[in-house]
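Chain naming follows the written order as A, B, C, D and E, and within any one chain the residues start at number 1.
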Amino acid sequence: MQEIIERISKVFSVEEVVQQNNHQWFITVPKKQALESVTYLRDREGFVHFVLLSCADWIESGKFQLTYLLNHPVKKIDLGIRVFIDRENAEMESAHYLWEQIATYQRELYEMFGINFPNSPRLTDPLLLEGWDNIPPMRRDFDTLKYVEKTYFPTPGRKSNDPGTYMKEKLYPNE
Amino acid sequence: MVTPIHLVSVALGTAFLLGFTKDRNWKISGGLVLLALLLMNLISGSWTYALFFGDQVPVQVFTAGFKPPFSINLQMGRFEAAITLMINFAGLLGAIYLFDRLKKAGRYAFMVYMVFILGLNVAVMTRDLFNLFVFMEITTIATAGLIFLVQTGKAAAAGLKYMIATSIISGVLLIGIIFAYSLVSTLNLDGIIDGGLPLIKGGAMVVFLILIALLLESKPFPANGWGLDVYESAHPGIGAMLSVATGPMIAYVIFKVLPISGGAWNHLIAITGIITFVGSNFLAIKQHNTQRLLGYSSVAQAGILLIAIGLQKELGHTFIYVAAGLLMTNYFAKAGLFWLSGLIKGESLQDWTQLKGRPVLLFLFGLFVFSLAGFPPSPAFFAKWELIMQLASHGGYVWMVFILIGSFFELIYLTRWFGQVIGSKEKSSAQPDLATHRLVPVGIMGVGLLGTMVFFLHHYAPDLAIDFIPIIFIAALFILDFLPAFLKNTVTILAMGWYLLQHISDVQNDTVRLIFFLIFLAGGAISLLAGFSYKGKRIGYYPFVAMTFVGLTGLVTATTTLGFFLSWELMALGSYLLISRGKNAQKTSWIYILFSVGGAYLLLMGFGVSFAVTGDGLLSSLGIAARALPAVGILLTIGFLSKIAAMGLHIWLPGAYAEAEDDATPFIAGIMMNAGIFGLILSLSIIAGHPFTWWLGWLGVITAVGGNILAAFQEDAKKLIAYSSIGIMGYILFALSMNIQMAWMAALYYVVLHFLYKTILFLAVGGVIFRTKTREMYQMGGLIKKMPLSFISVLIGIIALAGIPPLAGFGGKWLFYNAVVMNGWYLQGALVFFSGVVAFLYCFKLISAIFLGQAKDRYRHIKEAPVWYILPQYLLIIGLLIFSVLPELVLQPVAHALRSMPGEGIQWDGHFAQTSFGYWNAFIVMTVIAIMFVILLAWLILNSRKAQKVKQFDMVFAGETPFTPETSHVAYNIYAPFNKALGFLVVPVTTWFWHATASVTDASANHLRKWYNGNGQTYALQMVIYIVMFYLIIRGGF
Amino acid sequence: MENKDFIKPYYESKIVESPDGEEIKVNPLEDYFCGEAPKSHAPNSNKLWESFLNWARAESLWVLGFGTGCGSMEILPLMTPRFDAYRFGVQMRPTPRQSNVIIISGYLSVKTLKRAIRSYEQMQNPKYVMALGSCTINGGMYYDSYNTINRLDHYMPVDVYITGCMPRPEALLAGFEEMKRLIKAGKGEKANEYAENFEWYKANQKKIIKDWNMPDYNW
Amino acid sequence: MSFDWLIKIGYVLLGLFIVLNYGLLQYGVIRRISARIGKRIGVKVYQPYIDLIKNYSFRSQITHGVMFYLGPVFRLSGGVGVFLFMPLIFGSEHFSNYSFSGDLILILYFLFFGMLGMALGAGEGGHPYSFIGISRGLSQFTTIELPFTLAVISLAIQYHTFSITDIVAAQQGGIMHWTLMTNPLATAAAMLSFLGMMGNSPFNVVIAPQENPIGPPTEYHSTFLAVLQTNRAILGPVEAILMVNLFFGGATNWVSLIIKSFLVFFWPVFVGIVFPRFRVDQSIPWFLKLPFVLGILAIFLI
Amino acid sequence: MNFFSVQGISLTIGFILILIGLWGILTQRNLIRIIIGFTIFNNGVNLIIVALAYMKGRTAPIIDQVVTRTDAVDKVADPIPQALVLTAIVIGVGVTAVMLSYTLRMYRAKHSLEINVFTESKW
């Protein structure tokens, strides 16, 4: 694995390498090199299986972090390519031509985070949220509870408990 | 009487006189020529009249006051008079046609033209061999001069080739003549004939030289490249003269010189003729140049004329009719076509689309083409009939086969040409050249052809034994075609009704005939009602409808084989023309006519064999003939099989039915198809019990299964019904193959039913197509709400078709089961019933894809089919329902008619039908089912009377809604699993076979025609080889 | 945002050409769907007859096989030899037309709600709703999710609630028994309630289903 | 004025009533038996009655059009019609129904009447699954009928009649006279055909509940469905009775009729429980193999 | 017939000329040569005609002082072939003239005298 990362470091400017566990690494690359490195890994290094594309909202630093998780089916290792993009007018190059299923992930990210992927097929078709008319719900500046209270007729008098403390109280009241 | 020598003097005198005129005085010179030709016409005409109709005897004219052998003598007999008349008449019209061309070329051209006509006249009349040679040479040189009228290098080259060929011929001829002279010391033809040349040493060689030269002059295949090139390159007017003036001249010269061989050469000439006829027609298949095609055709016609000349002994007294028929048809039609081709801009066959939209010219074109192809009532039809009959009676079956093969090739290119012209979608942008002086000769030729037709019809009237009023009616419709459609429709329907009432008594005693008579006329009249929905004139529709129906009626009323065959061909021609009116029908109608006529030729052979056995042409004696020679029945049966589209011969049907116009299909499919059944009844009744019928039964099974399975896979509504027709024809064929009463009863019952429900279905579907403007079923859907009446028609139609009780269709199934078990054809029977279950597939597809399912946006405001489509459907439905309740109305008379057949019949007790196997009471079944249905309906209404009416998308769709009507209408290829399981049964083997046959024919014609490589020298070599080969062969044969 | 924006392209009005060249305006929502509102159907006036019919309805509960959320896992064992709901006249049907019970088996996202409503409305009167698990009562653990409803009875009338997260199949059987009891007692008239309070239900439904691209009542 | 016809109708209705109840109970019993095979207790024996009453008791219905409305009527007419033309009890004038107006062939073809009506009704429902189900059903039916046709022809050869009454009469006098014994090949072919005719697994791809929600009657509900259920309760036993009449000696009284037809009826159920479902393109060739060959042998070896 | 008689030799030469002519027609490519071939062919034919009319010891059938009307029957050869050959020669000249005029026209069209160039119309 180290050799792979070394080799890729020679071609791309890898910014940060994180080892999650024995078979999972994450590297961070600049936005411009993201898809090139994914292509490189697929074509040269044998990461032919695309696992997922996910997003994390770093609202504090004004960034979205995209992760392209790739799998090497022979060596049984995963490698995630992390890319940081701007939160304002978030936009990323579409990667649907690498694996067709990426288009669906991109639809999801468009819907949940509002990240634009130009030229991605059926990008604006609703995936889960038919008729959503608010800011994308997975953005951290979206206040879910307020939205629910406004929309879904919450049961009056409903109380919520922290499951941990509540169950401890219930099951082991003496401790 | 004017002495025939004036034919010479007038022509010669005029030619000399022209020398004194000036080029600019073309009016004088031209007028002189026309006057002279008119005069010559009068002379020949008066002789012809006197010789044929007066009591004039043939005369000999002696020149220089001596009697032969010391002088030249001209003879004016019947043949000479007729042929000179033909030549002069063509000469006159040709001069008119070519007038501007000749005028431009100056007075010498007129002179050459006169000399040309002169040469032809004298060559016909002279009885002196050397004189014959001289005048043939004069003709040749004059022809060469006339070829010069077209100032192209191509024409010049063709002229040189012509000169090369004719010079060789003349050399050979001259040597022959001089040796003949040296052997018998006379040049007089009668003298030479009396001299007994073949008996003298070296005489055979002399005969060979003379006759081979004359034969070569008639452009025998394959040493005739030069002739074809001339036809192609010369002016069409000259081509016409070559074909219709020179051609008869040569033929007659051969005819008159032939006796010098003492009969030894007769068959040789005929063999040469048949080779030419078959070969030229074969090569013509690949021609695209009009004039070259006509050239091939002319050569072929000369060939068949040679057959007649060669076989004159066998033909006996009919020779004159055969020869005249062939000669006249070619004369009028070929001249007409050549002259027409001069009107057309461009040389290709495609350019003839310029004729579109000009009904009169199209009519003439069709008249010429179909006369050439030998359709009735053209003289060629009678000539070929007579030829075949006489050949058959002399055991010349091989001749018969080859003549028919040649005719078939001829048919291929002629009908394809015609089809291209009327079926082609794009119209040539060029305008034809419609100068009056060119149109008039064409018109006169057309009139002449019609006149000859009348003459021949009149002559053969006793043999035909048909009613001429219907034929006159067709002619009247042609003339009145400018009237509006509804008027013509009314007239046609009324005429059919009138004819039915007038003549029903003729067939009353023969139930089988009566059934067909009623189907053809009453059914036809009802189905024609749909024609009222069309506006405008529909030029060229009703004459052909009438032609079809006249043919159909003639089939029933005919008592002679000739009458039957004429009606058959008339029907084929009429229906072909109707089908070819369809928008995309070019190819399918062509295939249709080929199969139709192919079948008809088999009939012709069958009738020929029958004539050979019995010596009379009565339909009633076919049975006697078949007892002696079952081949009669077998040939007829196979011929009729092509009409009912038995598997293997079926590929014409779906396309033809689908592409015909929507209101034409019902009577083509529902009614005309019964003609084939009628024929089969005729032919199978005479070979009943022959082992051949066992195979026929299996063919019926295959047809039923194949037709029905194929129907299930169709997307085109009309094609679906068409394939279903094939299936039902299979049932009927199967039933007719069984030689028992029950089976034939079933077959006839099916005939009636098939007529009823197939006409209903085609009318209903035709009405729907009339509104939706598409034939693809999956594009329709949900029309039940818009067209409830059509839906009910189709529903009743398919219930009857599928044989579900209580409608009449079940009766057919019941009779079938009984017949199958009685006859012991168990496995076949089971397979036929398998095909019956397959019928459900297409029945359901037909009704569901059109009427059920999702309505499309395009048809949201569509209206019910026109009332004129609905009305005949419901008239027929009433009939169907009556037969459903009271099947004995059909079955009892039929049983009576078939009582002489072996096997048991049905015992009737009121409505109760019983056989030794089973029983059936249609009346009670209907009553019980109707009462039960009403009660149950009442029960449901009681329970759910308040049901909410919903619209098309209000259905459960797994929580979703359908997207579009198109995506939710399951109608396309719905039997895919069935195809996966049983599709191997219907791989298109037949289509492959016919395609391969067609390609092989096409390719070999294309390959063989390369023989004519266009090099004059090669042509000369071919002639030399021809002479040598001919000599070697006859030496071997002598 | 206007609701219209959510209408799928194939339900937009369009102009098509008829075979005769005439132009036809097609509005799919009106032309393809029946626009009638549901009716309330009064029970048979003959009490005895009606109670007989109610008995039959109660003893023949045909359940629409419609799984939402995690509860559908609990329905499947009902048909196994261990629980064998057939004994109680409970059967599964694949089409709403032939069912009279719909089980909402757990949380309902807005997207699923739309389909659930459609299926419910396509069932015929009388019809019964069984709500399974906390999520249908007060949102359960998804009470603050941006896309799941909290209270089912604001969108369709519920006959029986079964508590639990998730309830076991035994609880479901008990629910069926309860539902039978209600029906036999003549209290299974929620379908009529739905028809009578149609406006209120529709308003609630339309409040959260923003792309309302179907007729008001799905026949 | 004779009232014979009235009495006749009375007996016919009585027979219909008996057959209907018998059919409903039979379905209940069969379902209970098949539940036992699956180690379940299963429905109540009278559950089909409850379902029927329930379906008739729906208060609202929808209709897609006239043919949709008529479809179930056609279907039930088909079922009742087959019953009407079928002699039930041999030797009983009262329970021979209207079998004097048509023979075996009439019954064979009348079976299609209901099928056709059902297909058209379902077709007007416009549901794609209806069309798919119908096309599967019709495709499959083509070869299902073939062995049966051969068997019928074989019977006609054997007994020289198409009359069911006569066929039954020829089989009287003990089990050794049954067609089962005298013509085992035809019986085998027909019984294999019968599997397909009853539409149980493995030949139930038409209504394939999982992939294609119950096929043609997808849109049918409430009273329409009740009518279809009524038909099923009548047609199933009647088809079994047809087999009994043709191959198992018929019946001279109700008891033997019910026992025999129940056993015949149970045969496809038994097979259905054991075997999984065929696709159409598997079932069509299946019928063309063993059953077809048996049928041909039955014709030639009789 | 004696082969070495005048008649025999003439006939032989006539046939040889015919064959030479034919050979020329069939082998030469140049149109003019072909036409010459025809001329030779014609001459051969004419020679045969004359040769056949030959009668030993007789003179040409011209009635003048030498051969009077009365003894013509015994003295002159058969006059008919003589008459024929005149006609044949005339016709031959005519044919040659027509051929030559065609050749002229063809040469103008394509500036060639090769016969295998003129194959526009074929097949």
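Just so it is clear, a residue touches a chain if its C-beta (ideal position, glycine included) is under 8 Å from a C-beta of that chain, and two chains touch if they have at least 3 such contacts.
Please read all numbers here as calculations on a predicted model, not as lab measurements.
S.K.: According to the touch definition, list the chains common to the neighbour sets of chain C and chain D.
M.R.: Intersection of chain C and chain D contact lists gives B.
S.K.: Steps needed, at minimum, to get from chain A to chain C via touching chains?
M.R.: Minimum step count, chain A to chain C: 1.
S.K.: Would you pick out the chains that touch chain D and also touch chain E?
M.R.: Chains in contact with chain D as well as chain E: B.
S.K.: Taking every chain's C-alpha mean, which one sits closest to the mean of all protein C-alpha atoms?
M.R.: B
S.K.: What is the chain whose Cα centroid lies farthest from the Cα centroid of chain B?
M.R.: For chain B, the chain whose C-alpha mean is farthest off is A.
S.K.: Please state whether B-D or B-E has more C-beta contact pairs across its interface.
M.R.: B-D
S.K.: If every chain is reduced to the average of its C-alpha atoms, which one ends up farthest from chain D?
M.R.: Chain centre farthest from chain D's centre: E.
S.K.: Taking the mean of the C-alpha atoms as each chain's centre, how many Å separate chain B from chain E?
M.R.: A distance of 50 Å separates the two centres.
S.K.: What is the distance, in whole Å, between the centres of chain A and chain D, each centre taken as the mean of its C-alpha atoms?
M.R.: Here the centre of chain D sits 60 Å away from the centre of chain A.
S.K.: How many Å are there between the centre of chain A and the centre of chain B, using C-alpha atoms for each centre?
M.R.: Inter-chain centre distance comes to 78 Å.
S.K.: Using mean CA coordinates as chain centres, what's the gap between chain B and chain C in Å?
M.R.: 70
S.K.: List, in ascending order, every residue of chain C touching at least 2 other chains.
M.R.: Where chain C meets two or more other chains at a single residue, that happens at 95, 97, 219.
S.K.: Show me, using the given definition of touch, all chain pairs that touch one another.
M.R.: Between chains, contact exists in these pairs: A-C, B-C, B-D, B-E, C-D.
S.K.: Enumerate the contact residues on chain B facing chain E in the complex.
M.R.: These residues of chain B touch chain E: 130, 134, 137-138, 140-141, 144-145, 148, 152-154, 156-160, 163-164, 166-168, 170-171, 174-175, 178-179, 181-182, 187, 225, 228-229, 232-233, 286, 292, 1009-1010, 1012-1017, 1020-1021, 1024.
S.K.: Would you tell me which residues of chain C are touching chain D in their complex?
M.R.: On the chain C side, the touching residues are 39, 41, 52-53, 56-57, 59-60, 62, 80-81, 84, 86-87, 89, 91, 93-95, 97-98, 100, 124-126, 219.
S.K.: Could you please specify the touching residues of chain B with respect to chain D in the complex?
M.R.: Contacts found on chain B: 782, 784-785, 788, 791, 795, 798-799, 802-805, 810, 813-814, 817-818, 820-821, 826-827, 829-830, 833-834, 837-838, 840-841, 843-844, 847-848, 852-854, 916-921, 924-925, 928-929, 932-933, 936-937, 939-940, 943-944, 946-950, 952, 954-958, 962, 968-971, 974-975, 977-978, 980-982.
S.K.: Write out the stretch or stretches of chain D touching chain C in their complex.
M.R.: Chain D residues touching chain C: 35, 38-44, 47, 50-51, 53-54, 57-62, 209-210, 213-214, 217-222, 225.
S.K.: Quick one: which bits of chain B touch chain C in the complex? Just the residue numbers, please.
M.R.: Residue list for chain B touching chain C: 771-774, 857-862, 948-954, 956, 959-961, 963-965.
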